[in-house]
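Common to both upcoming complexes is chain A, partnered first by chain B, then by chain C.
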Partner chain A sequence: MSGLRVSWQGGLAALLALAALLMLPIAEPSAGGPSVTAAILLLVALAIAVDAAPAGTMVRAAALLVGAHAGVYLLLGDLGSVNGAARGAFYLLLVSCWLLAWRLVSVLSSIRAASRTGEVALRLVIPFLFGVWILVLWEAIVRGAGIPFVLLPPPSAIAARIGNSLPILAADVNQTIFKAVLVGYVMGCGAGFLAAIAADRFVFMRRGLLPVGNMVSALPIIGVAPIMVMWFGFDWQSKAAVVVIMTFFPMLVNTGAGLAASGHMERDLMRTYASGYWQTLFKLRLPAAMPFIFNALKINSTLALIGAIVAEFFGTPVVGMGFRISTEVGRMNVDMVWAEIAVAALAGSVFYGVIALLERAVTFWHPSIRGG
Partner chain B sequence: MSVVQAQGLGLTFNTNDGPVHALSNVNLTIEKGEFVSFIGPSGCGKTTFLRVIADLEQPTDGTITVNGLSPREAREARGYGYVFQAAGLFPWRTIERNVALPLEIMGYPKVEIAQRIARTLDLVNLKGFEKKFPWQLSGGMQQRASIARALAFDADLLLMDEPFGALDEIVRDHLNEQLLQLWDRTNKTICFVTHSIPEAVYLSTKIVVMSPRPGRVTDVIESTLPKERPLDIRESPEFLAIAARVRDGLRAGHSYDD
Partner chain C sequence: MTDRFRDKILPVTAILLAIVAAWYVGAYMLNAPFQRDLDRRAGETPTFSEFVVKTMTQPKPTLPAPHQVAVNFYENTFLRSVTSARSLVYHSWVTLSSTLAGFAMGTLLGIVIAVGIVHVTTLDRSLMPWIITSQTIPILALAPMIIVVLAAVGITGLLPKALISTYLSFFPVAVGMVKGLRSPDAIHLDLMRTYNASKAETFWKLRLPASVPFLFASMKVAVAASLVGAIVGELPTGAVAGIGSKLLSGSYYSQTIDMFAALVAGSVVAVLLVTAVGLTGRIVERAMGARPA
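This part shows the complex of A and B:
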C-alpha cells in the first residue's frame, strides 16, 4: 500500500485550478453560470485525486479520461456563441485539463499490454488522443480569443462544413484523386520504372537519359502546368500529365539506385549459373531493388497529390480540390478551403498507408521491416 | 582427363597504383575426385585462382582448362558449383527456394526440382528447415544451405572460397567432418580455399601452398592420410608432419617480404 502519489502534471493541474478559482468567472458573459464552473472544478479535482490515489492503472486512466475531456467539453460550452469571451480562468482551466490529458497519455504509455489486441488498441489510442488535443487547443484558443474567422476557423466549423458539403467534396475527390492523381501516378511511376530498366539495359540510354533526366528534375515542374493545360485541355488529363512529370523522375532515380543495390557476390553467383540478363534481373536485381522502388512509390504518393491540386489552379472545369481551394479562398469561404485541406490530408494518408502496407508485404525480408 | 589444368597461368590487375601481380606462372593439375586445398596469406592469389577457374576473372597469361574446356565454356555448361565466403542466400526466398534458384535458372522441370531440393537438403542435414527464411537460421546453417545450393545441380566440380571462414571453431569442425562425408558420398572434385592449416591438412588429398607478391605456388603436398578421417586424426604424428611442412612452405613464402 503506497500513499498518495501526485504526478507533476497532476500537481500543476491542481495549482492552476486553484488559481482559476481566484480569477472566476471563466467567461464574460458566462453561458453556463456558476453551476457549470463548479462542475468543471469538481471533475478536474476528482481526476487529480483518483490519479494520486493507490488505484489500479485502468481506474486512474478512466478517471483522467473523463476528467480531462468532460472538463474541457464543459469549458468550451461555457463560452457560448460569443467569440473572445474567455477570461484568465478559462486558459488556466484549459491548461489544467490539457495536463490531465498529458498525464493520461503517459499513464497509457506505461501500460504493458497483455494481449496483441490490447497492444494494437494502445498503439491507436495514444496518437488519437494526441491528435484530439491538438484540435481541442485549436478550438479553445480560436474561440476563446476571438480570432477572426478568415484567419483561422475553429475545427468545429470546419467539421460542420465538411458535414454539409459531402456531395461537393465527393465530386472534388473523384475528379482530383480518382482521375488526375491515380492515372498520373500509375503512368508516371510505370514510365519511370521502365525507363530505369531501359537505362540499365542499354548503355546509350544510361549515358543519354540520366543526365537529361537530372536536368529536368531541377526544373520547377509546377511551372509546366499551364503548358499541360494548353496541350491536354482543361479536364483532368492535363493534371494527370503534371503528375506524370512529377512522379517520373523520383521513380527513375530510385529504381536505378535499386538495380545497383544487389551485392557483387550475389551477381557473381548468378554468373556462375550462367544466368542471362533477364533471369538475373527478375530473380535477383528487382527483388533487391524493391525497398528503393517502394521508397519512390511513397515519395510519389505525396508528390502526386500536390501536383494535381496545384495544377488545378491554372485552369480546370468547375470541379476538383484545387479548383475549390482557389475559388473559395477568393470568396472568403475559408472553412471550405480548410475542409478541402482536411480531405486532402485524409486521402493522402490513406494513399500513403496503402502503399506502406503493400511495402510490408513485399519487402518483409528487409532488415528495416523484419527488425534486426 | 584432368578436371583443372593450368600452365604458366598469370593474372595482372591494372590499378591506379600500378600493376598488381595477383598470379604469376601457376602450374597445377587437379585430377577427378581430388580434394585440393589452397592455403596462403591474404593476397597470395588463392581466391583469384579459384575465380579464374570459375571464369569470374580472366587470366592475362598462360592457359587453363576446366573439364577440358575453357573456363567460359565450362561455366556456360554449368560445369561447377561455387560456394562463397558468405552464404549469399537471397533473403526473400525460403531455404528451399534458395536451393531451387540454380535449378530454376537452368530450367529443370518442377517435379525434379522438388526431388533435388529434398535430396540436397538431406545431404547437408537441413531437413525440416525448408520453409524457413535465411535470416531465421544460424550462420552455420546458412552456409550449409549455400553448399546445398551448389550441390543441387549436377556439377562434378565444387569450388569453395573460405566457406567456413566466418564461423566459430566448433561449428567449423562439425562442418569439416560433414564436408568430408559429403565428398566421400558424392565423389566430386573439390577446390577449397582456406586460411587454416589444420583445416587444409584435415580435409585435403592435395595441399597447394601459395605466397604473395606475386601470387605463386610454393609447394604442392600430396597427403598421406587415409581417406577415413575421424576428427582426432589431427593429433596423429602423420598429421602433424604434414602440418609442419605446410607451415614451412608458408614461412618460406613470407621471408620473401621482410
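This part shows the complex of A and C:
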C-alpha cells in the first residue's frame, strides 16, 4: 500500500504556507512581485508533496533541499533593499521553509550510509545545514524586521565587509595570531610540559604541584593581562606573556595526570625489560599520556586566543584583533567588529581542527579514535 | 591522618612557600632598576639590606611584594565598610552576583541542550558540532560589544555581564550532561524497557540520577568559567564596579598593588565558588545513596 505519509514538519509547513497565502503580500514593497510569491509557494508545495509521496529517500532529500533553500533564497530576494519590509506572510513562509529544512535533516539522519565516505559526508552535511540556517534566520529576521544596523548587522553585510577589508584583517591576524598567540602557545605549552615531567621525577614535587596547579587552573588568570601589558610594553610580547601564563597550568595538570595514566602491568613489563627511567618515559608513559596532553592542547587553543585578544584591550600598537574590536565598537562600525569576530572564530576553529587532526594521527591506538 | 599530612599538606605547603619565596626574589629583581635610579638621583648609597627593604616598599612597584599585597588586601577587605567603593568586598559582591546569575542560566541552558541532544536524533547530529565550534569563538573578545550593544537597547547592569557568563558556562554543563545522561549501561536501559517504562520515566528514574556526578563535575568547571566571564564583562563598563573594573582602573593609574589585591580577591571568590559546588555535589550524592569512592 503506497499511500501518502505526511511528516509533522511537512504538515505544519503546509498549514503555514496556506495561512501565508491568505495573508499576502510577503513584503511591502515587494521586490519580486506576484510571480516570485507564486514560485515560492510552488517550491514549498512541491517539496511537501514529494516528501509525502512514496519516493526514494534520496529523491525526497533532494526535493526538500531544493524546496527549502531555493524558497528561502527567493523569499530573501523579495525583501529587496528596503529594511523592515516584511509582512506576516514572510515570517510564515520563513518558518515553513525552516520546517522543511528540519525535515530534510531528519531524513538525512535516518540514512544509514553504505560506505565510509558517505558516512563522513553525512556527518559534515548535517551540521553544515544547521549553520546555514542560523545565518539564514539571522539575515531574514534582521532584514525583515528592520533591526538597526548598529545593533546587529545582517550576515551579508558582514561578509561584504570581510571582502572589502582583507588587508586590515590580514594585518590584525598576523599581529595577534601569528605573533602573540603562536609564540605564547608554544612557550606556555612547552613550559607546562617540561614542568610536569620535572615534577613527575620527584614524588614530593608531584604531590605538591598538581593540587596547586589544579587550583590555579580555576582562577581568573586573564586578570594578569593589564599587569603583563605594564611589564612587557604594548607590543605583542606582553600578549604572548599572558598566553604563556594562561596555557601553562592546564598543560601542567593534564600532563601530570597523563603521566600517571599508564597501568601497573605495562610499567612492570618495562621493568622486566630492564628499561631505565627515560626509556620507560619515552616508550610507555609519554605515549600513554598523549590523550591527556592533546586535551590540554585543545583547551589551550581557545584560551590562547582569548588571552591575546583580551590583553589587547589594555593597550596595543594600532594593529591587532583586540585593538580593532575595541576601537570599532567605539566608532559604532559594528560590521567591522563582526568581521573581526568571524575571522577570530574561523581562526579558532582552524586551530582546534589542526590539533584534533594531529591527535587522530598521534593517538591512533586510543579507543575513542578507533571507534571501539 | 599522618599519611594525609605527609602526602598532601606538607608538599602543597612547601610548593606554596617556594612560590612566595620566588615572588619575593622576583619583586626584588624587577623593582631594583627603578630603585637604583631613584637612589642615584637622590645621591644616596644604601647598604644592601637597606636597598632590599626599599625595593619592597615602593608605592607603585613593578611587582609588589607579597606582604604589600596582603596588607592592601586586608585593609580593603576588613577595615573598610562593605558599602564603600574602595572595599574589595563590595567589588567582589558585584562580580559574584553577575557570576551567579550567569552560572544559573548557563547551567539551566546546558541541561536543556543536553536533554534535547540525548532525546532528539536530529539535534544530536546537527547541534553537537556547533556547540564545540561555539567555544572556539573567543567570546571574551565579544564581551565589550555585547555590553555596548545591549546598553544601546537599554539593557544595562547585571544582565549583559551575566549573559557572557552564561555563554561560557553552558558549554561544560552541556557536554558533561550529554555524557552523564548517556552513562547508564545498556543493561539498565533494557531493564527499564522490560518494565515498559516510558521515555519520561526512563529519564526521571534512570538517566537523571545517573547523570548527577557528571553534572557536578562539569558545574565546577562552569562556575570558574562564569567568574572569568563576569570579570571580563566588567572591563568595558567604564570601571564602575566589580573586580574587573578594579583591575582596569588599577592599570590606568599604575596602581599595581591594587591590581594584585583585586586579583587575590578574584581568586578567593573562585576558590570559594568551586569549593561550594564541590561540597554541594558531595552532599547531594550522599543523599542519593552514593557510596564514597
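The working rule: the second predicted complex is superposed on the first by the 350 of 372 C-alpha atoms of A that agree within 3 Å, B and C clash if a C-alpha of one lies under 4 Å from a C-alpha of the other, contacts with A are read in each partner's own complex, and residues count from 1 in each chain.
Assume a residue touches a chain if its C-beta (ideal position, glycine included) is under 8 Å from a C-beta of that chain, and two chains touch if they have at least 3 such contacts.
In this text the structure is predicted, and so the values were computed from the model without any measurement.
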| item | value |
| --- | --- |
| First, second, both or neither for A:127, with chain B first and chain C second | second |
| Which of chain B and chain C A:73 touches, first, second, both or neither | neither |
| Chain B versus chain C as contact partner of A:348, first or second or both or neither | second |
| Partner chain in contact with A:302 - chain B first, chain C second, else both or neither | second |
| More chain A residues in contact [chain B versus chain C] | C |
| Which superposed partner A:230 touches (first chain B, second chain C, both, neither) | second |
| Touched partner set for A:149, first chain B, second chain C, both or neither | neither |
| First (chain B), second (chain C), both or neither touched by A:365 | first |
| Partner chain in contact with A:102 - chain B first, chain C second, else both or neither | second |
| Residues of chain A that touch chain C when the two form their complex | 102, 105-106, 109-110, 123, 126-127, 129-131, 134, 150-152, 204-209, 211-212, 215, 217-220, 222-224, 226-227, 229-231, 301-302, 305-306, 309-310, 313-314, 321-322, 325-326, 329, 334, 337, 341, 344-345, 348-349, 351-352 |
| Residue ranges of chain C touching chain A (in the complex, touch as defined) | 7-8, 10-16, 19, 30, 62-63, 121-122, 125-130, 132-133, 135-142, 144-145, 148-149, 152-153, 220, 224, 227-228, 231-232, 235-236, 243-244, 247-248, 250-251, 254, 256, 259-260, 262-263, 266-267, 270-271, 274 |
| In the complex, chain B residues that touch chain A | 54-56, 75-78, 80-82, 84-86, 88, 90-92, 101-102, 104-106, 133, 135 |
| Chain B contact footprint on chain A (complex, rising order) | 263, 265-266, 268-275, 279, 283-284, 287, 290, 363-367, 370, 372 |
